[in-house]
Every structure is written in C-alpha cells, then in structure tokens.
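Before anything else, here is the set of structures, which you'll find just below.
Each of the next two complexes has chain A plus one more chain, namely chain B in the first and chain C in the second.
Here is the complex of A and B:
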C-alpha cells in the first residue's frame, strides 16, 4: 500500500477533544507574546516611538497609582455586573441584547426616587425603595420580550434591542424634566447627598465592588448547582428535550429573563448610587453590549467573566493613557489594544482545534 | 455499472444488503482492517463475528408472554398538527404487561406522534382517552394520561418510560455528560433549591458498567459519544426508572449489529419482568421476530393488528400500504 500516492493537504485543521490546562495556558501565553511583538512593530514603524516605553505607559493606565487601579476596578465591576446579568439568559440561548436598556431602567428608577423622595424617606428606607424599584424595572424590561417569545415565539434579539431605544428615550425625557431650567442635570442631591452610597474604605463605589463580588459567586452557584440552573441548561440545549423532561419551557424563559433583567436593573442602581450619582442616556456606557462579548468568551462562567472584564478594562485604560501621554491619535491607541484583543481571541481557535502540517504526518 | 466494468464500493451496516449485492466484503472494526471474504463464501454470522470480534447469536429470542394484564388502554386518539393537518385519527388499542407490541408503518404515518401523545408531549383531540392501569384488577381505578404533561404524569405515579426517536434532540442533553443526563427526569425530586448530583452519578456509573458504554468518563458530553453509546445511555436511563410501560421509537436505527442485539436483549428482559413494551420499528424482519403483536399504522389509522408469530412479511407490508383488516 506504501506506493500509493496520497495527496495530503498542506495544512489540516482537526477539532481537539479537550485541551489540557497546560496547552491552554501555552496557547494564551503565545498569543500575548505574539500580540506584543506585532504591537512593537506597529509602534516602532508607524509612530516611531519606543515600544517598551509605550507598554510601560499602557501598564500605568491601570496600575500607575492606587487611585487609577481603583478606578479600573470600578469600571471592571460595572462591566462584570452586566456580564453576570447576561449569563443566565445566554446560557438559555436567549439572545438578550437589551441589557443596556435594562440597566438604564434600573438607573432611572433609582434617580427618580433619589430626586423626588430623597428628602422624605430615612436613608435605609430610601435605599430599600431604590433597590426594589430598580430591580423590578429591570425585571419588567427583561420580562416583556420573554413573554412575547414564550407566547408567540417572537424574535428576542430584535425585541430586546428595540427595548433599549425605548429605555433611552424614557431616560432622555426624565432627564429633561429633572434638570428644569439648568443646562445639564449634574449630580443629584448635591447638597444633601441623600441616596448616595456611603464611603467605604475611602470610596463610594467600593460598595459596588463588594456587591458584584457577591453576585459573581451567587450567579456561578445558581447556574451550576440549583434546579433552576439545570433547567436553564436543558432549555438552552433543546426545547424538545426540556418538554420531554416535563420542564415548562415558557415559565423557565420568563423566569430567567426576569432574573437577567433584575440583575441588570440592580447594576443601574449601583451605578447611580455608587458611581455617577446622576443619570444620563450614557449611564450604561455601552457595557450592555460589551458584556455580551464578556459573557460569550467566558462561556457563562462568572469567574472567567471577571478575568475577561479585567482584560477589556485594562486595554481600554491603557489605550486612553497612551493617547494622552504621547498625544497620539485615539485610533492609534485603539489599534494597539485591538491587536492584543485580536490575538487573544484568535488563540481560542488553537485551543479548540489542532493544526496538522503535512510534514508532521510523513515523519510519523 | 458493474457490468460496465466499473468498480463499485458500498458502505453499509445492513448485512443482507451486503450479501445480496456485493462480490467481496472487507470488514473494518474500530478503524482497523479486519479482513476480506468472498461474498459467496460468507454468511451473516461470519460477517457479524468479524465485525464484532466474537460470536454473536443472531436469533432474537421471543419468550411467551407470562400473565398478560392490561396496562394501557388507548381509545379514539386523534392528533392534529399545528398546521391543521390530521396526523392520527381514531386510534384504539390495548397494551399488556409482559408482551412486546410492535408498531409498524411507513415512516411518517403517525408513529412518532402516537408515542408522543401517550408520553404527554402531543395534545390529543377531544374525545380521546389513554388509561393507565397501575394495579390491574385491583381496587385502584385506572389513571387518565390525556391532558397531562410529562412531569404531571411522572408525579401522578404513572411509570412510563419513553425512548424517543430523536436521541440527542429530545431524549438527551448533548452538551451534558452521563451524570447530567441521568438527572433529566429526576432533577426536581427532593426538596429544596439544589440538585442532587450524587445519585445520578452513581446511576451513570452503573449504567456505564452494565451496558458497556464506551466513554472517557461520566462527565464527557454525550454528543461526543458514538450513536450506539448514546442509545445505551438513553435506554439505560429509561429502564432504570423501572417502568411499567416502556415505549421505544426506532431504538436500533443507525446502530451496529452488536448494539442492536444488546437493545433487543434489554427489551426482552423488560418483557420478562412484566413490563409492557411498545416497539416502533422499521425493519420488518426484526418486528416479526421480536414482537408478540404488531399494530400497523397507515395514514394515521390502525390498518391492522397482527399476531407476530403467525403474520407473514407480505401481510404486514400490505397493511402498511393501506390494506385493512380489524381482528
């Protein structure tokens, strides 16, 4: 049989059974190294700067000072919180692209109550009401598309996306009413600080960090160990299997989206009370969409989500720092961070697939 | 094409096709070449032995039903699809414990919907009833199945198992391991918010051992297993529920001959335990060898119920294509 000519392609791609931990780390390490080399070439030939000092500056963006680091963590938890909110919906293969609107609705309820009831309610009651209404608003915003999907099989992607625009308009309208004659809304309750989170360990937003940390563990646990989590996995895999098992698919879809929306609403509450103390149409800041990437890359594991959120925030801060330190064009800085992100995402391919070259086989 | 001097290679696991059409047969087993024989010198048992690696008895056992008692009474079942097309009309039959009732029919004549209706997955038109006898002849009245969903059926104490046609799309969760799949029908048992993974894991391990499921581990996603192993996981789980009525749809479709015989054997063992087994199949030879009675469906109606020991293949074929006789 050996004299038979077999034409073998130069490169073949084979799906891996399962990459070992070492292979995964090696692939990602190689990706980062490759990214740094490519970036160095870009920096050197296009901008004429010293790549090493640029990397140093980029690193400074997050780790430069204690305050910068805490800002990075603050932004990280804002993103992570939305990622956690999306995890159950995406695990159920319900493409919730409406987190942006769910966050805004939560933030809006918080802001309204802060402004109109801020001086009427004692602090604990005020926080309780803000928390409950924002969670409820987010849940309703998630529940509406879920209801239509469960009942009439409408497309949830379009529906949740549209709900974002409705929420944005609500916020714009409310902001106009609240600001009155002023040119902009500014911080709410500037005088009394009613409804602002108290300062813990030096920063108001430390409460956000603590809450999101708890949520990270809670959501992981919910998805992995509870009966609800099991139902979500089954519905996500196949609705027929779910029906076969006697799971009420419509109920699971609505319940899960209510939870997803509620956590997004909670995120809006945290942002308004702990970070911004105000509301605007950009309160969610695109996190509702970035979090989709976070949730997908982490395969709905909330701890990986924390890592990926950190990476994204680190890159974003680094890009801003490079742009201001070298008075570079914003786009140049974005290219540098974009190359890093591209290489890391690309390494996923090599983790899932094996590339076999022709020569390798012949030697065997 | 053969007469034209062309080379023709056919790949199949249907032995009688090979024997009927080919001149030489080469056999592969687990990716390795086992050997070639001239078809004229080969017979089914030789080929099977080469495929499996050991001698396999190729006759399906058919013990006499012992003490048949009525377990399921299906009356006037009609099913209309979502598009308004009538799929089943006016189906009535009984199923007894200790027998295998075969259901024959050209694919798509309502077999799937019939089993799904009994399992509570298809809405049944008004006027139909499916009665389940938990304690035949006893004081306990029969239970109505129509109008209940699978979970309510389960919780009502109706011991029905169902091996659906679409194994990974309905019977199992492809991305989960054996353990996760064992939980599918029992995850909601027990109080509290949390799932119990210990018992399903023990069950997964015992099924893996007893049925010889080839898998790297009980947590390897079942979609990565071969078709035969997937079916062993599914049948193993359904049997482990100790059913009183066991329904199977195309239980051996796409399986190699060794696994097929394992499945026949499992069904016979259930039958001997007194389980009422419903076997929807497409291979008439197997139906005639395995089943005590054969119900033939044609165009959504029962065109005949035949005695599996006496019926001839041609007779079944005639009923499948529309002939009618009611015993």
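Here is the complex of A and C:
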C-alpha cells in the first residue's frame, strides 16, 4: 500500500475570478492600515516623536485653516486632472508616462500667448486662444508617440518618457527668452493681470475646481457609456479581438492618445491661468508621474481617482506640516507617500489572487 | 585643442554615471523586469555611499582611504539592493504592475536620500567627504601626466575603468555562460524557461537585485567623484537616472554598447557648453537650453529606428514589463 507521493508546496497561489466588494475594501483597508503603522514606526524611530500626535499635526496640514484647505483642494484638482487625462490611455493599456511633458507643453502655449498677446486680445478671445492652443499642444505631444506605436509598435513607455525631457527643454528655452536679463520669470502680466482667471464665488481656484469636476464626470461617462469608451476597453483587453471585431486599432490608439494629451494640455492651461500665473520647468511638479499611480490604483474610475488624489495630497500637505512643526524637511512626504504606495500596490495581489496554505487543503 | 580635451574630460565621467545605471538596468531588463525605479535606486546608492563615507571620516581616529572606499561601496550596493528587493518583492512575488512600482520606488528613494541627506547637512547647504573624494578620484600616478592622451585616457578615478571591465564581464556573462542564457530565456519567455526547469522567480529576483546594486554605484560615483564628494539636495540624480533608462534603449540591451553609448551621451550632454567655443562663436543662453534635449531626441530616434527595422536582435526582451504567473499561460 503505497500512496503516490506528491510534493505539495506550503503556499499555493490561485487566481481569483472576481473579488467581492468586501474583499476589495478589506485588502485596501489593511494596506492603508499597514502603511500607517509603518509610517508611524518610521516617524518614531527617526524623530522620537509620538506618532499619534504627529498624525494629529498632519491632519492640520489640510484642515488646519481655510487657506490651507483651499490650497489642498487646488493641488488635488491639478493631480486629479492629470489622472483623468491618463485614464483613457491606461484603459487601452497604453503606458503614457509622458503626462508631465504634455502638461508642460499646454502650460507653455498658455504662457506664451498670455505674455505676447495678453494686451492685444479682449479677455474672452484671449482665454479661448489659450485654451485651444494648450489643448492642441498637449494633443500633439500625446499623438506623436501614439502614431509610432500604432504604425510600428514603437515602445510607448520609453517614448513618452523621453518626450518629457524634450518638453522640459522647450520650456527652459522659452522661460529663458521671456525673462530676458531678469534672474527669474516671476508672475506673468503682473500689472494687467491679463489672462489670469478671475475670482468666482469668492474663491481664487474655483474655476480650476469646476472644470476638473466637469471633467471627472465627463471622462467617467466617456469611458463607461460611449462607443469610444467601449472600443478603448476592447483594444486594451486584446488588440487581436479588436481587429477581429472590425475596430480600427491604429485609429483608436491615436484618437485616445490625442484625447489623453489634450486633457493634459488643458491641465497645463489651468495651472498657468488659475494657479501659478507663471511657467517653469517644474510647473507640472511631478504630477505627471504621481497621476500614473493614481490612475492605475483607481482602475480608471475617475471617482476613485478623486479619492486617491485626495489621500495623496492629504499626505503631502500633512508631511509638509510635520516638517515645519518639528523642523524636519519636506522630503518626509516622499517617504510616507512611497510607503503608502508600496502597501496599496502590494494589496492588489490579495484582490487578484487567493493564497492557499497546505494545511487548509488537507482539512478538506 | 584644449577645449576638446576639456570636453572629453567632462564627458567620460558623466558617461560613467549613467553607464553604471544603464548596466544595472540592462541586467534587470534581461530578466523581463522594467524597473523605472532606477533614479530612486541611484539616489539610495549615492546617499548610502556618501553617508557611510561621511560618518567614517568624521568618527574614525585615523581614517584610511582604502577602508573608506570599501565601506562606502559595500553600503552603497547594500542600500541599492534593498531598493531592488522592495521592487522585486512587489512585482515578482506580489505581481504588482512594474511601471507603477518603479515610479513609486523613484519617489521613495528620492525621499529617503534627501530626507536623511538634510539630517547630515545639518543646516549647511552642502557638505563634503574630502577623503572619500580623493580616494575615488585618485588618478593613475604616471600615466595621467602624459600630455593630452594621458589626460583624456588615464586621468580618472578607478570607477571609470571598473565600469568598462564590468561591461565586458556583463557581456560575457549574458552571451557566453549558461546562467546568462537562462537569464535571457526568463526575460524572453518565462513559461518556456519554467518548463525547462529554470527557476523563474529566483532568476528574476537575483537579476533585479544585482542590477539595482550596479545602478546604485552610478549614484555613488556621482556624489563621491563627479560631484567632488559633496552632497547637495538637488534633483540632479533623478535626471541622470532617466538618462540611464534612455541609455538602455540606446544600447539595444547590450552592455558593450553601453560603454561608447554612455560616453556619447556625455559628449552630447556637454555639447551646449563646449561646441560654441570649439567652433569659435557664441550662442545665446536659450539656445543651450534647447541643445540639452539632444540626448533624449537621439534616444527617441534610436527607439523609432529600432522599431522600423524590427531586427530580432535589437528588440527589447519579449516579456519585458509583464509579470509571470505559472497558471496563466
């Protein structure tokens, strides 16, 4: 009587068909909890401060005063806007790592027109021209890698990444010309305020907030309920299936990337007109990269994106607040954000896969 | 002539920084992992190397150059490999998305390096590790004195030559050994490699972690030699890291190409400063801003040309960027 010896691994991993909502929330919640514990350990060992009081101070970073809250919302919409721009591209499994450059190009066109045509055009025409050119510039910046991807399958991750630096170079050049002999550019049209967004409803950043809010709904609707959105998801799942179904894959890729770039360009327009009133090589401020993480974690759902953007901005503001309160430095924000991202990324595994231990199976 | 020499003397050390970064990334990508965390890893390596040298110099009673070099190298590689380990655990074991994990690692590495860097700076805007710098930048005693050739060929610290040796070793390893063949198989088609009895997980882990260790040396070389042993909280390493990623594409995943490719990138990077004076005319400063895009444009062109020809040997590893799950083939 000899049993066949089967070597059974201690841990097996099985793919889940579909995780339930409860499992998803549990995995995400556990991830954020783990991240908070890790961050607390980090804070405690490095600074010797009580992590709970530090978290309390962190809360002040966003909710401390009315001004801080408005700054937090301002940064939130900038990040969210780029995330919205990336959503269609990522849904198509097109790795657009070039949002940073697309935002910069949009911002650059806006700034150029603001400076050179600011006193020639009436305000409505000026805004219209700035809007159109920035959207067009962003779209072109997205379309170039898409064209090569669609035509010759050129690797888009690396292409879009390189395009960021080409855009940075253009902005550096333009800033250099515009500032002339001055040491820095400063705010554009400081005297006339031409091309600055006016204050609406008593709040400086309301136009940005309203536009991004509209975009959030529009992009959700576009991806979920339109023919375009459906085509994007089919191309994302399988190009062969798409081709078989009669979808013109090249056209969908280029159209989607043009949209993605255009929204990024629009974001540059919003940043220059509504937030900074100036342009520099750091206008996009890393949002192009952070938004990739936002879009991916939210699985292209723009409302989840708003949630995740809020979490990240909250952390950044909080870390900055800790930094000034305990005379540390702002880079604490990057560490805390990094740990949270690692934990959330790791938690995806428990949503997509099931882990089975050896003993559990024997009991059956 | 002296301008040309000055240009080369600038370009080769610059190339060496990104050569380390690129060689590590080539090894990593050969296993099918597209690690966009190279800038973060270079930050980690640069910071760990600098911090260990700095503490050793300030606390040892009689600091010794050789010990300093050894210590900083070990710390640098260890810290970079830790960064690689985080990435490996998330992408290989937990099968997280590689692009996103890499970008998160870049944020994290930059945060760690600059956060603790500010501790060390302790209010100063920069701080220096002179002993480590002199040890790393130590030139060959006789040869470097021999006129123009001596200056341009022998006038650098030992890490410049170590990089070339490493490139040759990496080339032999990937193309002439069984382990290298196995590694390439993992990157091209992990399912086949798995069926042939190769442990995909082990190869991916090792290649990614060792690759990260090599990339990290680039960061340390930047701080302790190129930047004269000065730690400054700037975004410079990040830009270098992305340039290293670009160089990987430029070399079409071949370590030997990384040698001349890196020096070419160095020449192109310093183009803006030396070309005008070499040709005897002055250009406005905004033109130099434009010239800085040249390395990136060249990379884009290489990328496009590579995809036009579709020559098999110039393609990225077929499974680059994808996680491997045995039950899903």
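Everything that follows uses one rule, which is that the second predicted complex is superposed on the first by the 282 of 364 C-alpha atoms of A that agree within 3 Å, B and C clash if a C-alpha of one lies under 4 Å from a C-alpha of the other, contacts with A are read in each partner's own complex, and residues count from 1 in each chain.
Keep this in mind: contacts are C-beta pairs under 8 Å (C-beta built on N, C-alpha and C of every residue); 3 or more make two chains touch, one makes a residue touch a chain.
None of the values given here were measured: they were computed from a predicted structure.
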Dominant toucher of chain A (residue count), chain B or chain C: C
Chain B versus chain C as contact partner of A:334, first or second or both or neither: second
Partner chain in contact with A:119 - chain B first, chain C second, else both or neither: neither
Which of chain B and chain C A:14 touches, first, second, both or neither: second
Touched partner set for A:240, first chain B, second chain C, both or neither: first
Complex contacts: residues of chain A adjacent to chain C: 13-15, 95, 97, 148, 152-155, 157-159, 161-166, 168-170, 172-174, 176-177, 289-290, 292-293, 296-297, 328-329, 331-339, 341-342, 345-346, 348-349, 352-353
Residues of chain A touching chain B in the complex: 17, 225-231, 233-234, 237-238, 240-241, 243-248
List of chain B residues in touch with chain A within their complex: 119-121, 149-154, 162, 164, 166, 168-176, 180, 183-185, 187-188, 193-195, 224
For the chain C and chain A complex, residues of the former touching the latter: 34, 36, 86, 89-90, 93-97, 99-101, 103-112, 114-115, 117-118, 233, 239, 242, 245-246, 249, 285-287, 289-290, 292-293, 296-297, 299-300, 303-304, 306-308, 310, 316, 321, 325, 327-328
